[in-house]
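In what follows, chain A forms one complex with chain B and a second complex with chain C.
On to the complex of A and B.
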């Protein structure tokens, strides 16, 4: 916990800024910042799974979609209020996460990536073809939560709701990664056999990582549907997954702050350019490559200088691969 | 109906087999899967379209040029997204090639977009469909199957008997030993990636008249190549071919007897089933993790 002291001086300032910001932001910018809170939560969930626990899964965009559809459909079909639909939708997504985590108990690396990619594509296919439930390719109108009881307009209400959820989930993640569970994640990622020797329960740690990341994505999905008041399959396709990967890689794998930094940068770029699909694909695909090659530890690694306002133990070493390949470039 | 589904399934399967073969060649040599492999297929198809339909080159010239383009793309991929990350984790490598796949997709959308969403490639052969009993064979599916078989045989001969092929196999087998006998491992790696993507390019050029060409076609094809390679056993060349043919047939039968939309998801379920039940596939050896 030694690293907490200096962030604690920085955080209240940021928090105060975030609380007061709506006074000066126009509705569009307020909407963008609301989206930032949402994406910061998704990116953090993905970072817990990939950056900390080292489970390479392509399922996070699908989890995001599960949360969005579950929250909307619980309200539309079962007439639940938003305050119930959001947590229930997130819990449902967490349950899906536990199921998707099952293959991770047997598979790793590339194979886990492929099987979760298949899961993501099946989800996407179901969103389009199960039109009776999901509204098909054209999507459905998601109900918006009602803030009239609090006497604030809808957009402002969503802003504060998303801010509150983001703060809550970031605090929770900070606690998790500095706890026994978080250390178990890192141990599993670095060396499964050694982790087992240290009496880390692999099954429990991996399942916990999947459940957590799915829960985070589920909450974010629910908030996303309520903010946009609209859910459509194309928000949860493979490009969404690439955006999320870009967020955690650009920000810094294995870093809590990095998740937020990456989300801010990627979302900021996307909103400020409002470019055509082709340009976005080139931009974010390229960003991912450039960052992996030249800044493998992310933006957050740039914050490591003496007297830096942020101290966080960073949990990502761009590790070497297996023996055969690592020995390859024999001549320098 | 069954025979027709079977034969058109084999034609699709031949295409999947070629793409999967390319994927596995690279996997064997470098233990990495190129997530931009499908985009190599897509770009080769679009390149062939530009050369054959737009520029009016003869087919005999457009085809090799498009395949050469794919080969070049594979070599570039190796230099840009693999070589700098040679010592990085699988995660970094897969993310880098995933990023590349979107860059290529964006470029294709930029260059070939705006001509309507799908580009139709005219048939290359124009003879009457053959009818044998209830089986109907179109000229193009014969060309696809013949071309695929010929390419696979050529590749097999190349891989087995030429010096370059032997160097590629030696490098895949043991890089240190290959380097010790004087093989320039890095150059072989570049060539292997080129050959791998070129195999996908051949598949694209053969299949172009059967399917429409569009920038998003690479993703579904990559998934099918995965399914084929996994079904056959990742790392087995014969397995990739076998897996591709099985996938083509299974997909077509599911589409014919259940529902056409099932064709799209059949490979996903196949991947999930294979990885959960028999991760080593038909012909692969179970992976042994040594500590």
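On to the complex of A and C.
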């Protein structure tokens, strides 16, 4: 296939459903679906980095927080309007992503995981202790965009804004994974030395993946703060990272649609377990184990049969054999 | 001017001297065989040319330009393609996508262009697909275009890997033991393929081989390494008869007391 395959014949139907849904959803459900759009975006960003580019990085919850705080603070401190604060916050987060990506140029696997996890913890610590800027553990009251000029209430406005951003960013990711950039990601993940021998610049490819995932998390963070009208450190802790990780693993690593499916299932579970918070972590852990054992290619792999309404090449092979190449111990 | 010139290249890993003062030139549209017993330094030499190993001494020149110390992706971008020992296809990409990776050097689309499906992205994709299909047709693998790289047999993967290298439109093609593990008919097909690469595309080929038959049949000239040093060079049949080569491969007769 390779080229710009059209993914889904049902796509227009799904879009129409999403546009019309608020008419029948109560405000709580509308809020949950809004959150789903946001998490679908952040999960997609993580999937591009982890599933496609194969970078074992766990800074995404922190990027999500950077986006949320940056968008809010740009409005609170610099009086920027939301339409400027959101993209600026996302770009700032993308810049942070480029910096966090630097160690990935030297480290891989568990070492990279530890360094990025540490970055997440430092960010979390700063959110709590730099109270003068962040409001500390009790958080900030985040400004929300004003939709009165359009004549629609705030909750409904956020619903459509998040829907629009999700559609845009999913389309963008579709283009990226079907271009030379996306192929280079997968090549770097599967076999760095061969990728280089095909003129792929590792530094550029890895940095691009980090910038991309941070940008997606930044947009999602900005939308999250505006939807909740509140930013607090606890939204961006280690559990948030587990949540996002669960989304991409459950949905399907190396799949665009899988990111959305995983976000839907994990978020749905979290919301239905609101009353029993203590069981959440156990259940997510269990869900991860069940998925890895019985559905290693994720929920999206259930959509693979001839004539399936979703056509997407899945770039993930759960049991890849180790490669032994003569150059391996000698490569830099 | 020589496509490739190595000048007194030396490489050591710790105390182990892998290559000592090796000179090597490959002429345009020449097939050069590189042979030698295990551990002779053949793969190290390929890694030096493709930039994976930086030599402690000596220079590497491509068409007169000094490329010593450049990163592998820069050297690939200058028109050096290579294959690896063992099958090195990207397993989750289709055969066609694998070969399209060879077009990376010839395309420029960045993140933003791809995200908005820019016209350049669509044109480059179409062009890359056409060129990749042509490369697959050249190695007789076009019918496998939509199969996954990881699904193919070993021999098929080798053919696709050569197509991927050819899609890069290299001036120099480095092959690391392309015949290893292939059945005799496939070795014969590889013979023909490499000669077509030289004759129809005018690409210089440097082929490292453990199996002597292939090298002797198709090479215009052969270089023999032993223990990191060049011990012979010349036309295949002369090299075969060289006493130093025979000694390196077979050892010396030991007198019984």
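The rule is short, and it goes like this: the second predicted complex is superposed on the first by the 308 of 332 C-alpha atoms of A that agree within 3 Å, B and C clash if a C-alpha of one lies under 4 Å from a C-alpha of the other, contacts with A are read in each partner's own complex, and residues count from 1 in each chain.
The working rule: contacts are C-beta pairs under 8 Å (C-beta built on N, C-alpha and C of every residue); 3 or more make two chains touch, one makes a residue touch a chain.
Values in this document were obtained by computation on a predicted structure and should not be read as measured data.
Look at A:187: by the touch rule set out above, it reaches chain C but stays clear of chain B. In the superposition on chain A, A:249 contacts chain B only, with no contact to chain C.
In the superposed model, A:278 lies in contact with chain B only, and not with chain C. Contact with chain C, but none with chain B, is seen for A:313 once the two complexes are overlaid on the shared chain. In the superposition on chain A, A:292 contacts chain B only, with no contact to chain C. In the superposition on chain A, A:201 contacts chain C only, with no contact to chain B. Chain A residues in contact with chain B (one complex) as well as with chain C (other complex) are 193, 320, 324-327, 330. Contacts from chain C toward chain A in the complex involve residues 13, 43-44, 47, 50-53, 71-74, 76-77, 81-82, 84-86, 88, 90-94, 96-97, 100-105, 107, 109-111, 113-117, 121-122, 124-126, 128-129, 146, 150, 164, 168, 176. Of all the residues in chain B, the ones that touch chain A in their complex are 30-33, 80-81, 84-92, 94-96, 98-107, 109-110, 113, 174-176, 179, 185-186, 219, 223, 226, 230, 261, 264-265, 267-269, 271-272, 275-276, 279, 291.
The touching residues of chain A, when paired with chain B in their complex, are 50, 54, 56, 103, 106-107, 109-111, 113-115, 117-119, 121-122, 125, 129, 193, 238-239, 242, 245-246, 249, 277-289, 292-293, 296, 318-322, 324-330. On chain A, the positions that touch chain C within their shared complex are 1-4, 172-173, 175-176, 178-184, 186-187, 190-191, 193-202, 208, 211-212, 254, 313-317, 320, 323-327, 330-332.
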